[in-house]
Every structure is written in C-alpha cells, then in structure tokens.
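There are structures below to look over.
Consider the two complexes below, in which chain A is the common component and chain B and chain C are the respective partners.
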Partner chain A sequence: MRASLIRILALIRKEFLAVLKDPRSRFIIFLPPLLQCLIFGYAASFDLNTVPYAVLDQDHSAASVALLARLDGSGVFERRANLTRAQDIALSIDSGRALLVIQIDQDFERNLLSGRATPLEVIADGRNSNTAGTALGYLGSVVQGFNSDWIDEHGGTPPVVRVVNRAWYNPNLDSRWTMIPSLIGTLTMMGTMMLTALSVAREREQGTFDQLLVTPFRPSEIMAGKAIPNIAIGLGQATTILLVAQVWFRIPFAGSFAVLYAGLCLFLMAAVGLGLFVSSIAKTMQQAMLYAFLLAMPFVLLSGFTTPFSSMPDVLQTAMVINPLRYALDITKRVYLEGAGFDNLLSDFIPLFAIGLLTLSGAAWLFRKRLT
Partner chain B sequence: MTPASTPALQLDRVRKSFRRETGESVLALDDISFSLRRGGLAAVVGPDGAGKTTLIRLLAGLVRTDGGIVDVLGIDAAVDPQAIQSRISYMPQQFGLYEDLTVRENLDLYADMHGITVDERRRQYARLMSMTGLDPFQRRLAGQLSGGMKQKLGLACTLVRSPELLLLDEPTVGVDPLSRRELWEIIRQLIKEGLTVLLSSSDPDEAETCDSVLVLSGGKKLMLASPAEISRLALGRTFVATPPDGMRLRDLEARLLADPRVIDAVPESGQVRLVTREGCVVAGRPAPERFEDGFVVLLHRAGGDSEAGPRTLTQQEPPIRDSAGETVIEVHDLVRRFGKFVAVNGASFVVKRGEIFGLLGPNGAGKTTTFRMLCGLLPASAGTLKIAGVDVRRARASARQHLGYVAQKFSLYGQLTVGENLAFFARAYGLDANQTRARIAWALQQFQLEPYLRLPSAQLPGGFKQRLAMAAALMHRPEILFLDEPTSGADPFARRAFWQRITTLANGGVTVIVTTHFMAEAEYCDRALILDDGKVLAQGTPAQLRALAPVQPGRTATMEDAFIAIVEGSRSDSARKSAPSAAA
Partner chain C sequence: MGNWQAKWRRIWALTRKESRQVLRDPSSVAIGIVFPLMMILLFGYGISLDVTRVTVAVVDNDASSDSAALVGAFRLSPNFVVRTTRSMSEATGLMLDRQVDGILQIPSDFDRRRHADGADVQIIVNGSDANQARIMQAYAAGPVAAWSAADPSVASSGAVMVVDRLWFNEADDSHYFLVPGLIVLVMTIIGAFLTAMVVAREWERGTLEALFVTPMRPGEFLVSKFIPYFALGMIGFALCFLAGKFLFHVPLRGSMLLLCLASIVYLVVALGIGLLVSTLVKSQFLASQLAMLLTFLPAMMLSGFIYDLRSMPVVIRGITYALPARYAVTLLQTLYLAGDVDGVIWLNTGVLALMAALLILATRLATRKRLA
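And now, the complex of A and B:
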C-alpha cells in the first residue's frame, strides 16, 4: 500500500515536471485558454451593438420623425440610408448595407391621431436568423416605448396585455454572462482531454511506456498517476478563466466556490477518463490526437454551448448522456449565475461521476488487456 | 567535368562549433585541414562525439563552417552548396525512408525528386536492385524490411542518380554481420565502378579495409594515412594472452586493464588481445598489429585516456545473493506468433545466477521478441517461461521488482534532467527518500554522470545516455538485468567500458541477459545463444560456439566466423528443405 503510494506520487511528480518544466508547454497550457477567454468574451457575443438599417419614410410627419429619432437615439440603431422608392428596399438588404428596412406608410400619423392602430412594416435580412431575430426584438422594444409615450401624450387605449421583462440571474440579458462561465467547462475539457490522450501515446511512441511497464507499476497506479496531474492542470485552467471572468469582465459570482470546484473535479475526472480511454486505444500520438478531436468536437457543439440543448433531436439528446461538457455547462452556469447548491445539482454530479468511473476503469482494463 | 587530377575534397583550417541548449559552446571541428584524391574509399573514424557527422554534413553543404575553406569537387562550399549537392549523394545516419511506401515507391519518390528520366530509371533500377538484392521485395513496405534491408534500400535511393562522390554517415550502425558484409560488397563494387566514397564509422574493423583513414577525436584531426601506416603505430606493442586454467576470459581481461602499462585489452577467440605502452611487456606472446591497435595507440597518445579512454573504474558492490549456480531463467519451447508470422519458434534455454547470457542473431531473427517476452512486455503464444521461478506476466507487479531493463532505444524521459530521471526510477521501484539519495549518489559516481546532473537527459552525449539508462535500471539493485542491444552504435571505447561494468555486475551476482549483433562481444558472455529466423541454431560457451566455425589455416576462428557459418548453414539447409516441398 505504502509502496503503491510512493509509486503513484513519483509518477505524479514526473508528469508535472514533464509538462510544467518546459516553458513552451507551460505556455500552451495556460496562454490559449486565457486568450480564448478574452477573445470569446469580446467577440463571441450574441448581443448586437449596432443594427444598420434603412428607412423608406412615405409619411414625413412629426410622428414618423419622432419614431425614427427614437431609433437613432437608441445607440444601437444606425441609419444607413433614407430610401425614396420601394424598389430600393431589396437592394439595401441584398447588399448587406442594412439589416432591417423600415417602411412607414403615408397615413402613419393620420391613423395614430385618429386612434387607429397603424402597421409598421419591417423587412429583415433573414440570412442570419439569429441576428435578424435579435434586431427585430430590439426594434419591438423601441416601438413599445414609442407607443406608451404616445398614449401618455395623446391618450388612447393601452394594449390589454403588457409584457414586463425581468430576467433573473442576468438582468440585462448580457450574453457575455452566459458565455464566459460556459468557457470554464468548454476550454478545460478541450485542454485536458488532449493533454491526457497525448500523454500515454507519447510515452508509447518514445518507448518510455515499456520502461514504465517493467517497473512494479500496476495499470491502476499508472492510471491514477496520469489522471491526477491532468485533473490538477485542468483545475488550473478553470481557475484562470474564473479569474478573467471576475477580475476582468467583472461578472458577479453568485454561488459557492466549494460547489463549483466539486463539480469541476468530477467533470475533469470524466474528461481525463475519456482522454485516457482514447490513449489506451491509440497506437501513436497522431491517432490519439485525431480520436480526441473526433470526440471533443461533437461534445462541444452538442453540449448546449452555442445552441439550446432542448432543441436538439431526441436521439441526440439521449446520446449526449455521455457528454461530460453538457453537465459541466449546467453546473458552471447555475453555480456562477444562480448560486445553485449541491442539492440542486445532483442530476449533474451523478452522471459525471458515472462517466468518470466508467472511462477510468475502462481505460485501466484496456491497458491491461493490451498488455496481455 | 573537372579534370581527374583535382582532389575530391580539400579542407583548409576548418572550424565549426555548436551551442548547446544549456548555453555552453561545443567545438565540433577544430582546425581541420586535409585533402583527398579522387577514386577509392576513405573512412572517417573516431570515438563518439569526434565530429564525424559534422564533417560529413559540412562536406554535403548542409552546414556552414565558422571559418576555413571547404572545397568539394573543386567547388567552394561556402559559395555554391547547391552545385555541390547536385554532384554528390549523401546518406545520413537516419535515412528518410517512407515506411508506408513500398520499396519501389520509395525509389520512385527519390527518382522523382532528382528528376531522373524514365529511361534512366529503367537502367538504374535494374542495376540497383541486383546490387542490393532487393529485387524480390519491390512490393514490400519499407517499414516491414529488416534493419539491414532498410539500409540497403536507403543506399539504393541515394544512388538513383550517379554521383561523383558518395558520402555515407555510419552506414552500418545497427546492421548485423551478414547484412553488413553485403553492404560492404555493394560499396566495394561502387568503388570499382570509379566512384569516390567517404564514409564515417565508429568501428575500427571497417576502417581496416579502406584506402585511407582520417582519425578524428574531439574535433581534432589526429592522422590521415593508410590503414597499414596507422597499424604500424602499434608495432611491437600488441600481445595475446591465454587465461590460465580455471580463469575466466573476462576476468583476465579485467585484470590486464587494471594494469597501468596496458592501454587496451579485448577478449578475442578465447584469448585476450592487449596493447601496451611503448616498450612494456606485460603478458602473453607478441601478435601482429592491426588497425584497431594503431587506432588505440593514436587516441591514447592524443590524451584520450580520460573520457574516451577504455579504462573506467567500476567498484564492485556487495553480492546480492550468494546462491550462485541456481537457475534463474527457464525457457521451454517458447513460441511467439504475429498472425501467420512466427517470430520465435520453440526456443528453450536456461540461465544460471550470475551468468552473462547473450542472445545473438541477425536483424529480425527474433532476439527482441524473445527479449520482450522475458521482460513480460509481450505474452508468449506457447511454451513456458519462468523468471526466478515465476511467470513474470502472470505474477504480481512486485515480481518485477527484481528486474532491470535497458531498452535498445534511449527510453528515459528526455525533458527531465539526469537527477530527475534517476529519482523517478528509484521511487518507481519503491525506494524511500534516504535510499533514493544514496543510490543517486552511487549512480552519479559510478557512471561519471555528476557533471550532467542538471542537464535534460535528451541533451546528453550518446554514450552518456546509455550510462544513464543503465544507472536508472540499476537503482533498485535488480537480480536480473536485461539489456537490449546496449552497444549498438557505440564506439569501441564505450563498448569496452560497458562490458567492464557488466562484468563487475555479474561478479556481484547479477544475472545479465544481453542481446547484441556484435559477435565479438559474445566473448564476454558465459554462454550465448544464436537465433535466426525465430529458431535457436546453437547455444553454448563462446569456445563451443567458435568450434562450429570452419577451420581456416593460419588463423583462429573468430566468433563472427562461427556466426556466419552457423546462420548461412541453416539458411541453405532450410532452402534445400523447402525447395522440393515447393515443387511438390
């Protein structure tokens, strides 16, 4: 037992030395997550900062000017063209100069003054459905503001149902608030899976694995010695991203660090287990790299990272029970933004633990099998 | 065409230094001047780190000098290396064969790269294939060729165009005696066709057959002369001594090496061949001097006694267990199949405690497969295999505690320093902190690794890598030491030092299993086994094996003679046997 512990510690120490001694590999482990986190934080936002639009104002009334002034004053809408003919609408959209074209009919003000509802026709560039949807949403809220002001000044019947938005956990619905906590799981999974998959394959390729196998190491000891340093490195990466989220982007942390790190440990155990599993199948580093990539790509895309998990076909949703990232995203977002505790997250903790247990023991079994 | 009177090579005060990653600068070539005429075979010989590879790369126009003039075929290498490269061919130590392509596809690739026309190809291929004997293997993947065949294919690829000068960097490293002989026949034929060949070698026996030899050591030129002239340096200083009854050959050798008047001593054909200092008579009767003797004298004179020198003091450790003579390894009818291919076919042997046991055989004979089964890295397909009474594969991991293993290829952690590697293996074998410290101190002193303690092991000079690998395998004082081709590519001095260490270990009770294709090294073994094509052809003491060689008048048979006779005899036997069955 004691000898076994000495051996595992020796292997852990060796793994850390091998990875952290080399300035290049230190750089590869910590710089890309940091950079990606900053880049994603600034660039990969679902929020629209500017909505270029064109207008075909056929009314030229005080009311139409007031509406347009409201748009231009929003800080988001940016008028690119004042069109004079209906034929120009298509041109504005096709050329990509405008995301929206707003058409105001000539009886816009007259209808409003006489208390009648008046249509405001909006054409959106649907080639990018996400952006168009968001832009239309913004326009809706500007028009809603215009409506209530109009009623205050001119009187009239207010709409029967008024929606009052209050987004919990992210009051401004800032997409960065969901993006950055998601990166904690996504980036560390990519990193640790690759690192682990390569670590055994590298030893196999360089012949050091044979050297290891003739020592008294048992497969389970090799497994532990390989898994623990990689989990620790994963935790280091996750902490880096967490620090960027709080210190740089100042996204308030609502939950408990104990819950978050407990979740991360389970998640990293699963990710490292998958990496070791890949490692035990691959013969060369190249194969290990390809296999790991083959797994990581769909895991990221089908995790709910960018697209809603619930809108995926049922088959895929079922297949993704093996995807550790899916649970990790849930944990990081909920702990970070909502402040969820252990009892709320059992449905994530249990599957992660199961994946970790299965992959690690599977990998140990495969190691042994490949030896015999 | 330049007139034949211009020399092939002319070097004038050439210097070249490199910077190690640790920052220190190493002078690889120091003020080298020589000239070499066209035609014939020249060898660059010297111990590891002498600057042989640097010199060849310089001549191939691949690196620039720091100073001095390199002139190849009348072209200044500093001015137009491209022009040189279009007229020479160069085969590096590790030739770039594409292992996933067939023999023919590799040839085509190199022919394409050199823009050889289709007609030219037809002519060249036929010549090269018959010369190298690769004709029947044209469709085989290069990765599936044996080491010797790969080297021949490399040579064929280098020769797809007809160069004026051929540069070969250690072409016979890792090649067994049979394949080596075939390679040399090819090279001699090329010389006959009028080609100028310059090759590097760390094996003095090969240099003996060249027209001229350049001896390098530590980046300095010691001599450029004919082999005969170099041999004469040892005139009157070479002797052979026969061990008295009851004394082992390697013990006599060790005793002679301990004598300060002796420069070198090697076991050969049941005797010890020794070279003494000028005017000293130590033991034995005078023997005719050879190239290697002169080479040793030359290096000794140049002060090569310290690091490159043959003498390394190894102090004996207290014996591990006193029960000498007990059986440690027992192998019975061992078989290993890979699919249809039978790599090891019914091998049986027994090794006793404290013995040095050699596994000899050409490349692809099944040595490494047998070896891997013994270490528990590969399961046997059939047969029994017991190490210290247990089957290593089925036994608990703790059974491996008694084994030490040194792989053929350096396989310690390259990024880790010497000290970190030693510490890791000590801990891996369960040594506690105090024991680890003590064993590291022992290893650093024993293997003279102290100056390299903090150097990443990947940056160690070749010979020291091997020392480190051995030190790591000995951290836990194993009872059985497995060594796979430990001396492949090492120079004669490193090999002598290595065998001295092994001898000391064996005298301390360690059982040593070693594979080698240097037949002369079998002389150090207590017993050896010769494998070819997966079958055990012969086994016994060196004297018993040597007795299997055909009697040649005027000289005692060497181990190499015996080996070639045994292997060729078995191959022609099996050819005879398979011929009628194929017809039927």
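And now, the complex of A and C:
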C-alpha cells in the first residue's frame, strides 16, 4: 500500500514537471483561461449597448417628436439617419448602418388623439435574429413608457393589469452574471480533457509509455498518476476564473465554496476520465487532440452554454446524461448565483460521480489491456 | 526549363506524401468530413437560440374567477407550462430546485383592485440564465394582453403598438444566420486546427531536418502542406453549403461565384494561421493550444456568429477587427441574407485577401529562417 502510494506520488511529480517546467507550456495552461474569461466576460453578451436606428418620420408632429426624443434619451438607441424617402430604408438596413428603421406614418398623431391603436412600423435587420429580437424588446419597453405618459397627459383608460417584473439571483438580468460562472466549467473542461489526452499521447508518440508499462506500476497507478495532476491543473484553472469573476467583474458569490469545489472535483474527475479514454484510442498527439476536440465540441454546444438546454429535442436532452459539462454548468451557476447547497444539487453530483468512476476505471482497464 | 520541371516534381511528390498521410489518418478524415456533418446536424436539429417553452409556478392568492381566467390565459399560451402551487414558499422551493423557470404571483386583492385603479401581477424570473429570463418576461406580456383583450369592460385607448418586420430573415429562423457562421467555423477548424500540428509534428519527429538536406525549397514544402488541407477545407465548405441549401432551405441571395471566392480567401487565411503557428512554435502541444486560442474560440465567440459585435465594448470590438473570422462572418452573412451589397463585400474580401497575403509571406519568411 505504502509502496503504491510512493509510486503514484513519483508519477504525479514527474507529470507536473513535464507540463510545468517549460515556461511556454506554463503560459499556455494559465493564460488562455484568464484571457478568455476577460474577453468573453465583455464580449459574450446578448445585451445590446447601442441600437443604431434610422427614422422615416412622415408625421413631424409633437407626438412623433416626443416618441423619438424618448428613444434618443434612452441611452441605448442612437439615431444614425433621418430618412426622407421610403426607398432609403433598404439602404440603411443593407449597409448595416441601422439595426432598426422606424417608420412613422402621416396620421400618427391624429390616430393617437382620436384614441385608436396606432401602428408604428419597425423594420429590423434580421441577419442576426437574436439581436433583432433584443432590439425590438428594448423598443417595446420605450414605447410602453411613451404610452403610459400619453395616457396620463391626454386621458384614456389605463391598462387594467400591470405586470411587475422581478428577477431573482440576477436583478438586472446581466448576461455576464450568467456567462462567467458558466465559463468555469466550459474552459476547464476543454483545457483538462485536451491536456490529459495529449499527455498520454505524447508518451505514446515518444515511446516512453511502453517504458512505463514495464515498470512495477500497476495500470490503476498509472491512471491515478495521470489523472491527479490534471485534476489539480483543472482546479487551478477554475480558481483563476473564479478570481476574475470576483475580483475583476465583482459578481457576488451567493453559495458556499465547499459545495462548489466538491462539484468541481467530481466534474474534473469526469473530464479527465474522458481525456484518458480518448488517449487510449489515439495513436498520435494529433489524433488525441482532434478526437478530444470532436468529443468536447458537442458537449459544449449541447450543454446549454450558449443556447437554452430546454429547447433541444428530447432525444438529445436524454442523450446528454453522459455530458459532464451539463451538470457542471448547473452546479457552477446555481452555487454561484442561487446559493444552492448539496441537497439541491444531488441530481448533478450523482451522475458526475458515475461518469468519473466509469471513465477512470475504463481507462485503467484499457492500460491493462495494453499490458497483455 | 529542367529546373522548373524538377521543382514541380518535388512539389508533386511531397503533396502526394502529405495527401496519403491525411487520408490514412482517421483523425484527419474525421475533422474534414465528420466534423462538418456533426456541426450541421447539431446546429440544424440540435440547438436553437429560441426559447420555446418555460415552466412557470403559479401562486394564486386571490382564487377568484378573474384570477383563474388569467391563469387560464397562461395555460393556453404555447410558451408556458403552468404548474399550480399553494403558497409562495412552495414556489420558491421549486425555483431553487430548478423545477420551474419563474413564478407568477397574483395578489389577494387582485379582483378588487382590478375594478378600481388596476391590479398588479408579479412575474418573477430566474435570472441565473439572463437571456432566457428576459425572453420569459417578454412572453409573459402575451397571455396578459390576451386576457385583457378578452375582457369587455376594458375600453380601447389610444396607444402606440409596434408592428415589426424582420428583413432578410422574415421567418425569424435561427438557421438563417447560423449557416453562414457554420461555414466559417468549419473552415476555421479544418484550415487552422489541422495544419497547426503538421509542421510542428515534422519538427518534433525530426523529419523536417531530414527534408532540409534534400533539394527541396521552403516554398515547395509549404505548397505541399497547403494543397491537401485546402482540398479538405473545400469539401467541408461544400458539405455546409449543400446542407444549407437542401436541408435548411436557407436562400442564397448573393451570387454563388462570390460565395466561393469569399470562402476560398478565408480558407487561405485559416491555413496561413495554422501553418504560421506550427512553424513558429515547433511543438505539437503548444501549437494545438495556440490554434485553439487564436482561431476556434474567436470564430465562435468574437465573430458575430453567436454574440453580436454591436453589444461588445469598444476595446473588444477593436480586438475583433484583428480577427479574420469577423470579416468572414460579415461577408458570408451578407452574401447569404442580403445579396451582393458591393460596399460590404469588397471591403471585407479585401481585408481578408490582405491578411492571407501577409500570413503566407510571414510563414514563408519563418520557414526560410529556420533553414539557414
């Protein structure tokens, strides 16, 4: 038992040296998560800071001017052009100069004063339908404000029901609050899976793996010696991102670090297990890299990281029980933002543990197979 | 004359060797053929940016016929799955367990206040998924409006209502803007990812030094590396194009010729990045990680493919101008959805062509230096 432990420790030490002794390699392990976290924290957002728009005002009335002033004063809408002809609408959209073109008809004010519902025609650039939808949503809330002021000033019946919106866990519905905790799982999975797959493949390519197999190491010891350093590096990467989230972006942490790190350990076990599994079928570093990528890609895309999980077809949702990232996203977001505890997260912890156990013991078995 | 003949023979021999290496390595074929097919299927049928259905817990503190009618309107809405609860604490528990995405709370004085000065209903959304939460708030307006409209006691009042139209993408279908982005992503992976390892591999294995003692010139070596991966990239492009046309019926508004030209130019850029990285770092591990950081993640996140460039802060937007994927996505989205808008097309193609030329020049110089 003690001898086994010493052997594993020696392997762990060697593995750390192999990865961390080269300064370029140290750099490439910790810089990308940091850089990506910063860039995506700013870039990956469905919120719009500015909505460039053009207007074709054919009414030129007090009402149309008031509506436009409201838009310009919103801080989001930026008027890029005052159009005079309907033909110019196409040009504004085609060139990408305006995201929305607002068309106000001649009888806009007259209709409003007579108490009719007055259409406001809006043409949106649908090249990115998500952006267009968000911009239209912003416009909707500006128009709602305009309507309620109009009713206050000119009379009319107020709406019978007002919807009061509130958001829990993320009061301003800031996408960054969703994105950064999700990055903890996504970036560390990509990183550790590839690192693990490559570390075994490199030994294969250089022939040192065969040498390792003739030493007194048991397959399970080789597995542990490969898995533990990579799990530790993964935890280091996760901590880097966590620090950026707290120190740089100042996203308040609602949960407990014990729960978060327990979840991360289970998740990294599963990710490293998958990496070892990939390395057992890859003969060269290139193969290890590409297979790891081919496996990680659908896991990232189908985890709910960029698109809602619930709008995927049922077959895929079921198939994703094997996706460790899906559970990790759930854990990181819920612990970080909602303050969820162990009891809320059992449905994530158990599958992660199962995946880790299965892949790691599978990897040990595959190492044994190469022995005979 | 004989000189040229020998040159072509050398290129031909090297290209043949490289092509065989590509064809015999299952991982290259997997990236060239399986990866595009996988992405097409995932983006086409797997994921969708649209939030289709959200589950809402209803806390009806009023229990009047009016409040029941409002809950009924939510039940009828295709966007909501209603789950009735008895108390707010039960609903809160469901929210923390992620059984529901939001809570609709109807106050106990709903019926009374509705006939007086108007009642409030509260919609609480789970903000840990900011985008979904915002869409849910927008969806909630639907049933509330439907319920108000069905009420005869409400007189119509003068109010502006937004009538929106999405240009280019009238079906508001995510496929429309995903297909152009997909082509860019697939070509980035094939072009940059695969090639990032090929030169580094020759360095690591010492086969490049062996080549240096032959009459081969560095330019010839690069051309022979270039051709097979270019062919593989064009196969990937063809697969995406055909899928867009026949599976998703995404209309191509611009000309086929321009689309091919734009794709070829971008593929050359991607290949240039891969070969340059590979030549410079000479280590497969570093090259693979760098290629990932420099090409794949920017193509996915900073190109306007999923996240809109307009919502990014100025600094990040500045960075995107240095990334070729940005120009390629703009170019392809315009060609697909808007047609041949001359200004956009020539500007972006020009920038990409310039980048391609610079990258090839840099790779050529880097290769020559190592030889000396």
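Quick notes
The rule we apply is simple: the second predicted complex is superposed on the first by the 371 of 372 C-alpha atoms of A that agree within 3 Å, B and C clash if a C-alpha of one lies under 4 Å from a C-alpha of the other, contacts with A are read in each partner's own complex, and residues count from 1 in each chain.
Just so we're on the same page, a contact is a pair of C-beta atoms (placed from the backbone, for glycine too) under 8 Å apart; a residue touches a chain by one contact, two chains touch by 3 or more.
Everything numeric here is computed off the predicted structure, so don't read it as measured data.
Using the contact criterion defined above for the overlaid structures, shared-chain residue A:178 touches chain C, although it does not reach chain B.
Contacts of A:318 after superposition on the shared chain: neither chain B nor chain C is touched.
When the shared chain is aligned, chain C comes close enough to touch A:43, but chain B does not.
By the document's definition of touching, neither partner reaches A:82: not chain B, not chain C. Once the two complexes are laid over each other on the shared chain, residue contacts for A:106 go to neither chain B nor chain C. Annotation for chain A, partner touching more residues between chain B and chain C: C.
Overlaid on A, the two complexes show chain B and chain C touching no common residue of chain A.
Of all residues in chain A, only 24-25, 28-29, 32, 35-36, 39-40, 42-52, 67, 90, 93-96, 99, 111-134, 136-137, 139-140, 143, 146-147, 150-151, 154, 156-171, 173-175, 177-178, 181, 190, 194, 198, 202, 205, 282, 284-287, 289-291, 293-294, 297-298, 301-302, 306-308, 310-313, 316, 330, 333-334, 337-338, 340, 344 touch chain C in the complex they form. Contact residues of chain C toward chain A in the complex are 25-28, 30-31, 34-35, 38-39, 42-43, 45-54, 70, 95-98, 114, 117-135, 137-138, 140-141, 144, 147-148, 151, 153-170, 172-174, 176-177, 189, 193-194, 197-198, 201, 204, 281, 283-286, 288-290, 292-293, 297, 301-302, 304, 306-308, 310-313, 315-316, 319-320, 330, 333-334, 337-338, 341, 343-344.
On chain B, the positions that touch chain A within their shared complex are 372, 375-377, 379, 393, 397-398, 400-401, 403, 405, 407, 409-416, 420, 423-425, 427-430, 432, 482.
Residues 3, 6-7, 9-11, 13-14, 17-18, 21-22, 206-208, 210-218, 371-372 of chain A are the ones that touch chain B when the two sit in their complex.
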